[in-house]
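One chain, subunit A, links the two complexes that follow: it is found with subunit B in the first and with subunit C in the second.
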Partner chain A sequence: MNPAIRQTVALARRSINSTFRFPQAWFPSLFFPLVLMAIFTASFGRSAASIPGFPHVDGFLSFAVTGAIVQGVLISAVGAGAFFAGDIEGGFFDRLASSPASRSAILVSRLCASVLLAAGQATFFLLIALVFGATVQGGVVGALIVIVLAALLAIPIGGLGVLLALRTGSAEAVQGMFPLFFALMFFSSTFFPRETMTGWFKIVADINPISHLVEGMRVQVIHGVDWQAAGTSLAIILVLAVLTVGGSAINLRRRLEGDS
Partner chain B sequence: MTDAIVVEGLVREFKGGILAVDGIDLHVRAGEVYGFLGPNGAGKSTTVRMLTTLLRPTGGRATVAGFDVVHDAASVRRAIGVALQDAAIDPFMTGRELLRLQAVLHAIPRQEGHARAEELLERVGLTDAADRRVGTYSGGMRRRLDLALALVHEPVVLFLDEPTTGLDPTSRVALWEEVRRLNRESGTTVFLTTQYLEEADQLAGRVGIIDGGKIVAEGTPTELKTSVGDPTLMITPADPSRVGDTAEVLAQFGPAADGKPGAIAVRLAAGAEGIVQVVRALDEADIATAAIDLHQPTLDDVFVIKTGHRLEGDASAAPGSGRRRGRGSKVGR
Partner chain C sequence: MSASTFSRTVSVSGMLAWRALILVRRMPAVFIPSLVMPLFILVATSGAFHGISAMPIGTSSYLAFTLPFATIMGAGFAGINAGMTLARDIEGGFVDRLISSPAPRMSLVAGPFAAAAMRSLFTTTVVLLAAWIGQLPPPGLLGTIGIYVMAASFAMATACWSMGVALRARTVQAAPMMQLVVFILVFTSVAYAPRDLQTGWLRTVSDWNPVTRILEFSRTAEFQTMTWAGLWAAIASIAVLMAVFGSFALYGLSRLGND
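Take a look at the complex of A and B:
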């Protein structure tokens, strides 16, 4: 096998193993979205249908599950950034940098690990929602679209986490960015449809790319397979990925040259 | 044989004009153990980071194993083994996993990498702990694993950055023995930084003393010690009233030195061998001695004379030595 590919696989496996061995690293990314999903479903489950503009859904849980998935991917991708920063702080990064390992394997392995973890997370949330009575209108294909998009979403968000890690070299600083991500999610249609919003809030949510991203995933669950919406989500993910992964690559090079 | 490490006018300036390394020259021969001795912040780690391709020099040049550290960094990385001072190991991985991963990083074929991992675990005495997470290892075990990791690809040049800082005396001696054995059996060139004089004295064939980013002295431990002067001989006469007579006898062997009360000290111009003549002269003068103390200059004396200050953080006075570059053992996960 090509050494660079072998190194990427080995390092990605290491990232996944170390994540699983440290419950603080994965527990929040499963727990918090579940809690929020449960609270929203309990609070709005009955009244949602009567809110003017709320789309027709087969139970609020079906509506809420994509928001939970996106939130989970976000939390774990921030965790991935913090993990990467921990490698820089702890010196593991120096071990990689002083070895002849492929430079791109360092970055790509981290993103691959995040993609796989996100796919697992999305599957987990969908299964939980199905158990509690949600339905996926798009069927197996719709569910797969959601899982694939969630997995790909880990690339731009994980890339942003790594970018912050490379710039700050501090896990705490990366964790500190978390509220910002959260605000970005709240000022979007992640948890409520834009149709129910008014005024400046709606304007912000309209502009926020996260809204369109989430909606492209959600429609697969609440209406049925919609390739065009999936394409919009994919396009948003790709644009964000180019920006954050590109930024990471530039900063990785800078750090490897020791100009930090 | 070419030099394993050649450094010419190497400079590293950090933002704000701080010169961490201020134009150093070094030649480390192949097969040599070179000790780089200096206090915290002297520029030792910065030098090692430049030689291991982790940091770009801002001036001068350096080659390791014949390859330029800037223009041929990839070749340098293939030739070197690196154990940095923080024992950079992921606490959630096991010793065996880390060794296998390190083998992959060096593109060693799978079977060979696995065999090499077992061999090294055995060698550093970690076979029983191989499947335990590194987070549960003691400081000595971590250092031994770190050393094993640096050896996975049988490097030509091994860099050890403060390999025994924070270790208990037993673990320290065990690690020294391993480094000696490695150098003896495999002929690996070792570049070792330390803030422990004893470590440099014990391990290094040659020592460079760095202070304030500059090399202030270089040579074998013996050369360096000799350069600061002759050994001091201190005689305590059995009869305190004969101190004056003792001083008269000793005066012919060299200039007087500071001694304890009731004793006379002299710098032996003839070196340590001169002690025989001194004892004979004392015997002829019929002066019985209660104690004879010979003090050879130590690297500590060398350090004080060359730099004007003591090596902080050495041996017993070590508690403050943990503070360095703010990259402690914190695992920010």
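Take a look at the complex of A and C:
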């Protein structure tokens, strides 16, 4: 096996192991989305169907599950960035940099671990929703599209976390961006459809890429397989990934050259 | 407790409360989230769930429905701040110095307790002003008093909980535990929808959750439809929270310095 690939696999495995070793790293990304999904479903489940503009759904849980998935991916990807910053703070990054390890492996391994964790997380959320009565209109293909998109979403978010970690070298600073993501989610259609919003809030939700990203995933669950919507979500993820991973790569090079 | 001990407790508590309030200016990073979050809740929740206003929620505006949720969350954050301040003081050795001084031990919790109530007045004012800017009609004098009293009471109850955690964990790292219980208490009440619209487990939980009555009374205060029954239910709920969380804090205080 190519040494760079071997190093990437080893570092990705280390990232995954370290995530599971610390409950504070994975627990919030499962607990908070599930609790909010349960609360919103029990709060709005009865009334949602009769709200003008609300899409026809089998149940509010089917509507809510993709929002929970995106929320979970955001929390865990921010956590991954914080762990990377922890490696910088703790000196592991410097030891890695002074070893003959591949430079790209440092970045790629962290993103690979985020992708795998996000895929597992999305699968878990879908299974929980199915157990509690949600239906996936897109069937197995629709569920797979949701899982793949969720996994790929971990790349731009994880990339942004790594970018901030490289620039600040502080886990606290990376964790500090979570409220920003949380705000972005609320000012989008993550939790409720844009069709029911009005005024300036709707304008913000309309231009918020997270709205289109979530909707591309949600339609697979509530209506059925829709390749065009999935393509829109994928395009948003790719654009964000180019920006954040590109920025991370530039900052990684600068840090390795001792420029930052 | 003798009269002189009581007056010394009040005096030292007052100074500690003042110190906690001054910390707001010295360490704005600690206080700003507790101010921003209620405003965020007010704007984001009312905007995202605007569609719910088409349902029978007692008002045609989800912003109006959300207002008490935001004031109560602001109060909750004020209470959490009290616990975080105490935890920081324990870590920094300030509490040790205070224990070894003749200052009454009770003032350690009474000071931050009073400061939490005062902070909640500030966050409630900011939320009410934001709602007014958002073209929500003011709730009238009695209604406004009702909203302030509910917020201050909840701030004192959550301050007891947070200080109880701080006295046991003795580190500010325990802040997530302080926040988690406050969040769960508020979110599993009638924060997002009235009980009539809730289904399943949430309906059962919110029926038993003391925060439900506090929020419901805040809403009736806002809509100027207060009833004596609602007021008594809210007072009873506050009493339950104070009894449970107050005992938790006082027991932690009694064990402080024993090990």
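Observations on the model:
Criterion: the second predicted complex is superposed on the first by the 260 of 260 C-alpha atoms of A that agree within 3 Å, B and C clash if a C-alpha of one lies under 4 Å from a C-alpha of the other, contacts with A are read in each partner's own complex, and residues count from 1 in each chain.
By our rule, contacts are C-beta pairs under 8 Å (C-beta built on N, C-alpha and C of every residue); 3 or more make two chains touch, one makes a residue touch a chain.
This one's a predicted model, so the numbers in the text were calculated from it and none came from an experiment.
Shared-chain residue A:104: touches no atom of subunit B or subunit C.
Of the two partner chains placed by the overlay, only subunit B lies in contact with A:91; subunit C stays clear of it. Contacts of A:187 after superposition: subunit C is touched, whereas subunit B is not reached. Within the superposed three-chain model, A:170 lies in touch with subunit B and out of touch with subunit C [touch as defined at top]. Residue contacts after overlaying the shared chain place A:196 against subunit C, while subunit B stays out of touching range. When both complexes are overlaid on chain A, the residue A:42 reaches subunit C alone and has no touch with subunit B. According to the touch criterion, the shared surface of subunit A, contacted by subunit B in one complex and subunit C in the other, consists of residues 24. Subunit A meets subunit B in the complex at residues 3, 6-7, 10-11, 14, 17-18, 21-22, 24-25, 82-83, 85-87, 89-101, 170-172, 257-259. Of all residues in subunit A, only 24, 35-36, 38-40, 42-47, 50-54, 179, 183, 186-187, 191-193, 195-199, 201, 205 touch subunit C in the complex they form. Note for the complex: subunit B touches subunit A at residues 49-50, 52-56, 74, 77-78, 80, 82, 84, 86-90, 92-93, 97, 100-102, 104-107, 133, 149, 327, 329-333.
If you check the complex, the residues on subunit C that touch subunit A are 33, 40, 44-45, 47-52, 54-55, 176, 184, 187-188, 192-193, 197-203.
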